[in-house]
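Residue numbering begins at 1 within each chain, and the chains themselves are lettered A, B, C and D in the order written.
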Amino acid sequence: MHYFSDNATPVSPAVMAAIAAADCADHGYDGDAWSARLDGAFSALFDTSVHALWIATGTAANSIALACLCPPYGGVICHEDAHIVVDECGAPGFFTHGATLMPLPGEGAKLTPDVVADRLKTIRPDVHQVPARAISITNATEYGLAYSPDDVAALGDLARTHGLGFHMDGARFANAVAHLGCAPADVTWRAGVDALSFGCVKNGGMIGEALLFFGEQAAARAAEAQRWRKRSGHLFSKGRYLAAQILAMVEGDLWLANARAANAAAQALAGGATGRLLHPVQANELFIRLSADEAAILRAQGFDFYDWGDDAARLVTNWSQDAASVAPLAQALRALPDG
Amino acid sequence: MHYFSDNATPVSPAVMAAIAAADCADHGYDGDAWSARLDGAFSALFDTSVHALWIATGTAANSIALACLCPPYGGVICHEDAHIVVDECGAPGFFTHGATLMPLPGEGAKLTPDVVADRLKTIRPDVHQVPARAISITNATEYGLAYSPDDVAALGDLARTHGLGFHMDGARFANAVAHLGCAPADVTWRAGVDALSFGCVKNGGMIGEALLFFGEQAAARAAEAQRWRKRSGHLFSKGRYLAAQILAMVEGDLWLANARAANAAAQALAGGATGRLLHPVQANELFIRLSADEAAILRAQGFDFYDWGDDAARLVTNWSQDAASVAPLAQALRALPDG
Amino acid sequence: MHYFSDNATPVSPAVMAAIAAADCADHGYDGDAWSARLDGAFSALFDTSVHALWIATGTAANSIALACLCPPYGGVICHEDAHIVVDECGAPGFFTHGATLMPLPGEGAKLTPDVVADRLKTIRPDVHQVPARAISITNATEYGLAYSPDDVAALGDLARTHGLGFHMDGARFANAVAHLGCAPADVTWRAGVDALSFGCVKNGGMIGEALLFFGEQAAARAAEAQRWRKRSGHLFSKGRYLAAQILAMVEGDLWLANARAANAAAQALAGGATGRLLHPVQANELFIRLSADEAAILRAQGFDFYDWGDDAARLVTNWSQDAASVAPLAQALRALPDG
Amino acid sequence: MHYFSDNATPVSPAVMAAIAAADCADHGYDGDAWSARLDGAFSALFDTSVHALWIATGTAANSIALACLCPPYGGVICHEDAHIVVDECGAPGFFTHGATLMPLPGEGAKLTPDVVADRLKTIRPDVHQVPARAISITNATEYGLAYSPDDVAALGDLARTHGLGFHMDGARFANAVAHLGCAPADVTWRAGVDALSFGCVKNGGMIGEALLFFGEQAAARAAEAQRWRKRSGHLFSKGRYLAAQILAMVEGDLWLANARAANAAAQALAGGATGRLLHPVQANELFIRLSADEAAILRAQGFDFYDWGDDAARLVTNWSQDAASVAPLAQALRALPDG
């Protein structure tokens, strides 16, 4: 059984059914009946007026969000382990026309207000230095930690005080919310978030994420994002097939149910890896100490995963699993000689 | 019955089946078994070594191709009615970092060697002027005409002589080949084409086109294109769902069969529109003279389509039709009072 | 004697003196005493509050102006013979991150309201097409014609109606004003111009043009332009040497006196070229019919200039000349066998 | 007396004389007699075939060099205190179309091979990560230290091994060479440097730096740089005034003589600041511990300079000084109560 990534899984059956149901003639691009329901579906979910676009990938959603929040000569405060920094081949620089990422350290890939505030103090307000114009955080983080509503609000206060746009990469937003048990609104716009990349593919979708804008400037930013989406070749001819997937996720509870399953699987694994955990397990990723010998033992039993540097490994669970289905690996972890 | 566009149609059943068949766990991005078969499938189809990538949309395929062929300070010779000029919101400028489109006139949206050669003569070889670095043509053209192998080769000669990259937008490549009855190779690399946007979505696909590179520089350009694909947010997490669609098209005859059906439907309509045709009908688009009154008569019978300026209309047929299924519209056209 | 271009001339003595007078220690960049006087000097000249920056070149001034007026996905209405189209190697595309120039025809390189209005009508207001966001005109034009205050105001009305920024390339603005005899204000902000590239180098300066912003958004646009100036490597360490040149031009009448001299020289030549003029002579450029044999006759007498296609030539006069100093060429033109 | 920066000084008299001598008519842009001598002058100075361009500013020279060495999806290894990182408002991102700076730590703003090699090891060779494509160092560094020929060669070896372009920001190259006493060639191309921003303005020039390319690809890169220079608005109409300044510097010993004077002044100050130095003094910059009270004492005596964070100051000497002229400040430093 593979624990490489949640993007290696099949598609959630309800999503496949939604795709099949959308397989008819309708207007092209986003002129169809499904795309027209996105704003409403997300407004209901977030308990406020939301402007929503389907977008091909999380990288595109992040980059288009940043392009709407930060000018080419501006900077984006972010974590040094953020996906936008290490795994997007410079996509934010492409979409923002050269804006500068400003990576900062922080435990578990979480940004803290102190570190951000200190960084902001170092920037002279002259034309020689790149001014910070946005903050971007990932929730759940790249190390599987969740920002709580208070965590986000503290950064949101900083953003407002300094006139910075505030973006959240929510590739695993569902997993974070499932862990926090809060309303989606509490950890986003109520805490100052302006734009959210709402992930679907890792959570059981096939193709397509959602980009959401909140607040007073939402309509203007969404209109600009529509330009970027077209201009970057992301306006699909048959957008209904993306919209249908997203609606299947969020018009009901599927997004949350899938995330809960993945989280429960991760907790079950964590139970087998006591003493090995490099980070608390709050979403669907585990980072564990694991020697080469131990890894070999697990692989010999048919489990596979990515090594994470020396003597460590990353295990990612997904929507198609639950505590029971990962029990064999949990048991195998427990049974490791020095476990 | 709608004749708005071939992108408003449902997905070809074989493509839906291929998607379902790919619905399992595999490696992410393009590390899966389906993506690995693309080079081979297209190499067989084109009778030469081809480097192929799946790409989200035709706009992206065109733009990434141009980014591989033309530097930011270069120019792209193209037709003034080309999709890259009028319908992509400046996407080529985005991907090429500001390269200049050099639009030229030509009957039926076809570029002719004379017009191209004349334009090239006007460019001074100093640093003040933008040097032409690529030619881009659309086959079939935006007005439904096909470039024959000889047509393409004449432009290919110009390209080689002047050191220009040569790109073909093949959003309706299948329709062109179905009309020409030639080998795909004859109208592409054997005629000097370096890069082809091979369209699938208008021809029965759901999401995903192919970008092909031919010739000695194919491997290097494809490697660069992979960077652009990632950097522009087009590297899907679950690329197997795109690859599977494309393979369903080209590992058998589906791409050609679908195009033949659409073309046959167009010919049937053309038979009903004798005397009205603004351009020869060679693919699956008709541009016809049609007064407002005539359009109203047709719409009253349940046919719909786009007006094309004053007193003209565009009718697009698609893979799900054939001569029989469009017979009612052909008859209605014939029956128009002044038809 | 050479009539190649007004950029081949030496520097006006008063400008050289100003440079020498600025040769002392002061703060770097634009923190010096000379740079601080620019806003005031231009505000006085234009009879309104002006925000002014020194800029390295006219190409940079034009491009930075356009970057402040047009987003990357927007278009700039301009003449097909405009310097920004044919002589800047795509610089506007570089600075605007890929905005689209929308070249239009017009006698003598002048845009007319009708042509602009017709072009605007062709643009669909959907995301597939590039929306026009700015108009750029050159005054005096590339063919030496001046836009009158009424000419400019008619385009300014269009710009305001359609929400377009309005830029004027004034590489030879002084020559235009000298010809028109109007207040500088009349042909710029009073006629709707938002940004002016105010040329100095062709008019006797050494290095440095001025970029001026007018109107309610002037301060915001100038602040943004300061970012672009730095970001594009145009913020000189010793900016005082540029500011001093510009002030030498505009704190007195030098800019106008120099332009009048050049214009008078052009008129004197025009008097010798009756019947040969391809365009009215309103500034300091003449475009004349001239066969290869005639050109050879003139060159044999020591006059030189650029051929302008077949059987035509361009003669450019400059600030260091006057009617008397160009009398020999005027006479030589008159004396041509078929003159 | 001010010690703010070497860009606040007047122009070297020989440079002013060269400007005056160039004040005549010649061809525009870089078609003049002075510009034509640049390649030869630098080839003589560097004892190899050099391709040289005049460029407006150091920021532009650095950025254009990087644009020639690094693709938009690549990264530039550099020091975290480098001018390109902290003082150019993101200009490298603008010129490279979004390439990623990869800042690293190092004593005295010097990069060391170990730190660079470690960073290179962290980069996965997949399309998700930005590949390093260039190294950029500053010599003398932003803290006034010189890289020796061996220092540079060690980095040059790394660059060659990893296929990276190698750029040197030489805003104070003359000061470094004056300190090292080596041949210019030894610390540049013989040590693997591909492109050098050769500074003039801080060393007594008015406007204009030189960008030099070495090695087999020099001609191709210089040709590309000429495109970037034009496209970024840096191709001055009257380039002869820049070329003349640069020639005045390098056809004789002026560049070295000026740097020696500045360095000697810095050594004299260092002699007065024993025990206060935060970095060794090898060029013309001193960074010293200095309390607010001490700074006030010096300022009361008419000396001024920039504070450098808390309890520190930066003193920059320049070409117009020597040991004698800065003796009063050296003495004042010595006389500080706790000095």
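Here, a contact is a pair of C-beta atoms (placed from the backbone, for glycine too) under 8 Å apart; a residue touches a chain by one contact, two chains touch by 3 or more.
Protein identities per chain, from UniProt: A, B, C, D = Low specificity L-threonine aldolase.
Fair warning: this is a prediction, and the values are worked out from it, not measured in the lab.
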{"item": "Shortest contact path, subunit B to subunit C, counted in steps", "value": "1"}
{"item": "Equivalent interface positions on subunit A and subunit B, same or different at half", "value": "same"}
{"item": "Where subunit A and subunit D are represented by their mean Cα positions, the distance between them in whole Å", "value": "42"}
{"item": "Distance between chain centroids, defined by C-alpha means - subunit A, subunit B (Å)", "value": "34"}
{"item": "Chain centre separation (subunit B, subunit D; CA means) in Å", "value": "50"}
{"item": "Shared-contact residues (touching 2 or more other chains) in subunit B", "value": "72-73, 88-90, 94, 97, 127-128, 227, 230-231, 235"}
{"item": "Complex contacts: residues of subunit B adjacent to subunit D", "value": "71-73, 97, 127-128, 224, 226-231, 235"}
{"item": "Residue ranges of subunit B touching subunit A (in the complex, touch as defined)", "value": "2, 4-5, 7-11, 16, 19-20, 23-29, 55-64, 88-91, 94-95, 201-202, 206-207, 227, 230-238, 241-242"}
{"item": "List of subunit B residues in touch with subunit C within their complex", "value": "72-73, 75, 86-90, 93-94, 96-101, 127-130"}
